[in-house]
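In the two complexes below, chain A is the common chain; its partner is chain B in one and chain C in the other.
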Partner chain A sequence: MEVMLWSAVQAVLNGILTGSLYALVGMGMALIFGVMRIVNFAHGAFMMLGMYATYVLFDRAHVSPYLGFLVAAAMLFATGYLTYEGLLRRVVERSDFMQILLTLGISLILTDGVQLIFGADYHQINIPLLDVNVRLNQHVSLNAPWLVSFGITVIVATAMFWFVMKSRLGRALRAISQNRYAASLMGIDVMRIQALSFGMGLAAVGVAGGLLLPVFYLYPGAGDQFTLKAFVMVVLGGMGSIGGAAIAGVVLGVVESLTSLYWGNEWAVVVDFLLFLAVLSLRPSGLFGSQRV
Partner chain B sequence: MTRPRALIAAAGFVLCMLVPLVITQDYQLNVLFRVFLFAGLGLAWNLVGGYAGQLSLGHAAFFGIGGYGLALFHGKLGVPIWGALALGVVAAVLAALVIGQVAFRLRGPYFALSTIAFAEVLRLSAKNLTSITGGDVGYQAPALFDDSPSRWFYWSAVVLTAAAFAVTALAARSRFGFWLQAIREDEDTAMAVGINPARTKLRALLISAALTAVGGGLYASLFLFIVPDQMLAIDISNEIAIVAMLGGAGTLTGPIVGAALLETASEVFKNLFHEAHLLIYGVLIVVVVMFLPEGIVGALTTWWRRRNR
Partner chain C sequence: MPHLTIGPVGPRAPGLRERRRLSRHASGKMPRVIRPSPAFGAALLALVAGVACKADGTSAQGGGGATFRIGVVTSLTGSAAAFGQAHKNGYAVALAELNAKGGALGRPIELVYYDDQSKPDQAVQGVAKLVDQDHVPLILGAFSSETTRAMLPAVTAKKVPLIMPTATADNVMETGSPWVFRICAGATGYATSTIDFLQHNGAPKTIALIYENTNFGQAAAKAMAVQAAAAGITVVDDEAYQANSPDYKALLQRVAAKQPEAVYFASYLLDATTLLRQAEQIGLNPTFYTSAGTGFAAAEFPTEKGAGKYAEYTYSASQWTPTAKWAGSQEFDAAFTKLTGSHPAFHAMEAYATLVTAAAAINLGKAETAAGIADAIRKVKLDTPFGPVAFDAKGQNAHPLLVTQVQGGQYKVVWPPEQAEAKPIPTPAWADRK
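Let's look at the complex of A and B:
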């Protein structure tokens, strides 16, 4: 009985740690989809790009992924800025239909481009930190890389929250999401702010990718499952709510972890999607949001 | 469709049916099978995605149910092969009824996302329920045709395309078709003039699902062995939507043009790039969105109208 209880505690803690990385992915999506209303189907593919950037730095230059993630974030910021300026800018005023198709196309190009360059093989990196476990008691222990990434995630998430809610740029961005036209009349450079914000959203995803590298398999399709999960988090957290998406990420992590414990790993993602469909049809404003979809 | 156009369509159908007299190689017939299969699937998708403007990215659900229906009704319950195909279609229509009830309450990106979620739940369940579907190990699908199968598969794909084309042509000029287009242009206004959007969209989805399931059954039977990652893959959903969008969503001939272009191009690229042939899909999609948002047929129609003005 006691062992069962502790295994549940272990599962919840693992879920929180995994969920914190989900939260980063979800916050990036909350910025891009929730606030900017860009339906980004390439979210996971961009994350995969961040993972490969961190991997190449580690593999060729022996840079630790815990530094490499910064480079991945910077790279994805630039990628996001350029993608917005070059492509997305021309479809934001058009239908969701076109945005979905365009980002789907970008996703295929990224995934298969990476496959063309690096091949379809699975990679996994080995760092000493992976063998370190922090024991809480006889039954519960936590893996060090997850703890480190949890710490970094908390810092990045706080910074992002501050950026959107408090900074001038974030205020301008939220003004645009409320009324694009009125915002431009107030002297806001809509296109530049949107491009910067898209870059910020992808930077968050880049951080997540870099931090996931040590604890995840790397292959060109590694990001695919995260695109849908990110949408799930934004909907769960309530459209436009950065904090909501972060909480939803942690919730998702815990739900997956408990599903794995009781029903098996293979059902975890199924539960994600069922939760998603249930929330969409029963409570479209999300678990924590007030805005209607 | 006006009479001369109907005659052209009929002549085109006869010509396509005669192709196996000239082309007899299995490989070439199989490539052509793929072209017509996806033309039929694209036309079926077009009813919902093009005419009604509801971007479904989960049509793999109906495709997979058609394929697994054929295999499981025959293999598990001993239903005769063609009966199993029909039951697969019925199962897909029932699934469409459920999916439509939930998904059509949502608009825009939420609709698209919910269709993906449904298809993914089905794919993952098919992977996990190994005692029924065989999971990733796969399940055997029965052969619909014993004698010179390549030819017969080609013919059935052409018939599927013709059926989907006929349904679309009839629908496009009927009240039902105009309702769909009214909903695409503005759902609230459509409702205000007395159209029931939920029921109209659902009807389109049911027809679309039935045709898609037939395609799934054909595909499963051609491969004789099916796995969830092939029959229910997101890639199938995407390919169906892309074929229709590339040719021109909401146009009658668009999906056929799209399928001809995309499937032959992907065949060429498969041989050139092997693993990364989806790259061409990506590039094509980006080019279409940026430069040909109405698709090839849509853009040509606009150009033709402008010229003749």
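Let's look at the complex of A and C:
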């Protein structure tokens, strides 16, 4: 009995650690969706880009991934800003269909481009931290890299949340997500703010990619599964609510972990999407009620 | 930084387009959905077409009067691209060797590649393209069981022989098609070799199956469930998992709770690494870590590029190793290493053996047509570095498998006794490892 209890505790803790990385991915997507009403189908591909940046730094310059993720974030911010200015800006007012095609196209170009440059081979990095397990007791142990990335995630997520809720720029951002046209009439430079939020959304996913690298592995399609997960989180969290998406990420991590433990791993994704469908049809404003950012 | 000026006009005066947009909203109308222009449609078509037709352009256009063309379908891009590359290198070694010896029917052999992008539908496309446009009389491929299985109806309908180098799922041999040949051992072979090894080395009573939820994984697990039951070993846990996930800890907790004496994995390389690292964290300690080759038999697996020290003591059923005692293994290893800079895994050897067998059949039967080549393949008997090759009535080559164990970062053949180069070392608990 006691063993069963501890095994549930282990699963929940691991779920929270995995979920915290999901949360970052989801927050990035929610920010972009909230401000631009764009479903970024290239989200996972950009995450993969962040992973490759961190990998190259580690491989060529021996920069720890726990510093490298900062570079990945900066690079993705710039990429996001420029992508918006160069491409997205032209379609942001047009039909959703065009936005979907454009981001999908970007995703294909990134995945195949990376494959051309780095090849399709898998890469992984080995750092000493991977061998460290923190044992809470006889039954519960946590892997150190996941704990470190959890700590970093909490800091980044809090900073991002504070920025959106408290800063002047964040207020402009929320104004746009409420009503883009009214915001522009109030003198907010909509295009500029959107470019910044696209950059920030990608920076968040870049951090997630950098932190995931040590515990996962890398290939050009590595990010694809996260696009769909981010999608689920945005819906669970309430269509563009950043805080909601963050909580949804953690919920998703824990649900997946518990599903794996009690039903089997192959059901984890099924449950993800059942949750997604249920929320879409029964509670379209998201699990946590609040609409928008 | 953006400016938040109060007032009707922003810091930058809105351009004409912006103003028009604003006025549209001022009048309360919803933004008009702009139809994609014809140019946009054309661009989209080009994009889709470009994605769909990524056939590798190594083939020369026009009739191949001077060369003997053989079609190859494999995964040069997509998730299985690393293995497709191994195929390509294995074929390249065989091609150089065969063409130096006169090729097929005195003509140099030319391989016409089709990249299936690791997708079953593309593999089917490949058959159509290779047969209808390139007029090849024989196809080799594909890499995975999933893509290969999809090709079978197409090669049967087009009446072209297919030799499969690496598809291990048993369902690729169950269509009854007379056009299909397989050079590697299948999932049942993996299971029987593993069971045979276990029965003679401690005879565990319980086993847990952990496998990726794909054609390959399911086939491996199904075959093992049957063979284990026949040997009186109880399957205490059966865990399918979603491949390429970062987190298998909960799954491993389930397995650990059942305390199996042996674990049998069917996984690709990087999932194998994740699974073993997390097995340590969870404290999953079976007496035998066994596996259906693939990820656990890849060249990188016992190195730092794979699971490294976590790979130690794991057993794997393996189609071939560079140290196999079949004549020519060392030479292939040397030629492959010279070409690529790294040692081959068995996938490359299987591609090599496939092409060598194909050429032998063509030369033996003096066959140029698809039907003639199929007959010749049925009759062929030859010794290759992959072991003796001969196909039974169903088209299966009776390939004997080896069981290897990772010892000191190297694969050592530990079973069967006539191939063994080392004795199996008992697996210590994770906590007792240095």
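Note that the second predicted complex is superposed on the first by the 290 of 293 C-alpha atoms of A that agree within 3 Å, B and C clash if a C-alpha of one lies under 4 Å from a C-alpha of the other, contacts with A are read in each partner's own complex, and residues count from 1 in each chain.
As a convention for this text, contacts are C-beta pairs under 8 Å (C-beta built on N, C-alpha and C of every residue); 3 or more make two chains touch, one makes a residue touch a chain.
All of these numbers come straight from a predicted model, not from anything done at the bench.
S.K.: Quick one: chain B and chain C on chain A, clash or fit?
M.R.: Pair status: clash.
S.K.: More residues of chain A are touched by which partner: chain B or chain C?
M.R.: Of chain B and chain C, more residues of chain A lie in contact with C.
S.K.: Looking at A:161 after the superposition, I want to know if it touches chain B, chain C, both of them or none. Which is it: first, second, both, neither?
M.R.: A:161: touches no partner chain.
S.K.: In the superposed arrangement, which partner chain does A:108 touch: chain B (first), chain C (second), both, or neither?
M.R.: both
S.K.: After lining up the shared chain so the two structures overlap, which partner does A:196 touch, if you call chain B first and chain C second: first, second, both or neither?
M.R.: After superposition on chain A, A:196 lies in contact with chain C alone.
S.K.: Kindly classify A:228 by the partners it touches after superposition: chain B alone (first), chain C alone (second), both, or neither?
M.R.: first
S.K.: Could you say whether A:126 touches chain B, chain C, both of them, or neither, answering first, second, both or neither?
M.R.: second
S.K.: Looking at A:118 after the superposition, I want to know if it touches chain B, chain C, both of them or none. Which is it: first, second, both, neither?
M.R.: It touches nothing on chain B or chain C.
S.K.: Which partner does A:90 contact after superposing on A: first (chain B), second (chain C), both, neither?
M.R.: It touches chain B, and chain C stays clear.
S.K.: Which stretch of chain B would you flag for clashing with chain C, going by 19-27, 91-99 or 109-117?
M.R.: Of the stretches 19-27, 91-99 or 109-117 of chain B, only 19-27 runs into chain C after superposition.
S.K.: Using the superposition described at the top, list the residues of chain A that contact chain B and also contact chain C.
M.R.: 94, 97-98, 101, 105, 108, 112, 115, 119-120, 264, 266, 269
S.K.: Given the complex with chain A, which residues does chain C contribute to the contact?
M.R.: Residues 1-12, 14, 21-22, 25-26, 31, 33-34, 36, 40, 44, 47, 51, 76-79, 81-82, 84-85, 213, 239-242, 244-251, 253-254, 257, 269-270, 273-274, 277-278, 280-283, 304-306, 308.
S.K.: Note which residues of chain A are touching chain B in the complex, please.
M.R.: 33, 39, 87, 90-91, 94, 96-102, 104-113, 115-116, 119-120, 224, 228, 231, 235, 264, 266-267, 269-270, 273-274, 276-277, 280-281, 284, 293
S.K.: Going by the contact rule at the top, pick out the chain A residues touching chain C in the complex.
M.R.: Within the complex, chain A contacts chain C at residues 3, 7, 10-11, 14-15, 18, 93-95, 97-98, 101, 105, 108, 112, 115, 119-124, 126, 130, 133, 141-143, 168-169, 172, 181, 184-189, 192-193, 196, 212, 215-217, 219, 221-222, 225, 256-261, 264-266, 268-269.
S.K.: Which part of chain B faces chain A closely enough to touch in the complex?
M.R.: Touching chain A: residues 53, 55, 57, 102, 105-106, 108-110, 112-114, 116-118, 120-121, 124-125, 127-128, 234, 238, 241-242, 245, 273, 275-279, 281-286, 288-290, 293 of chain B.
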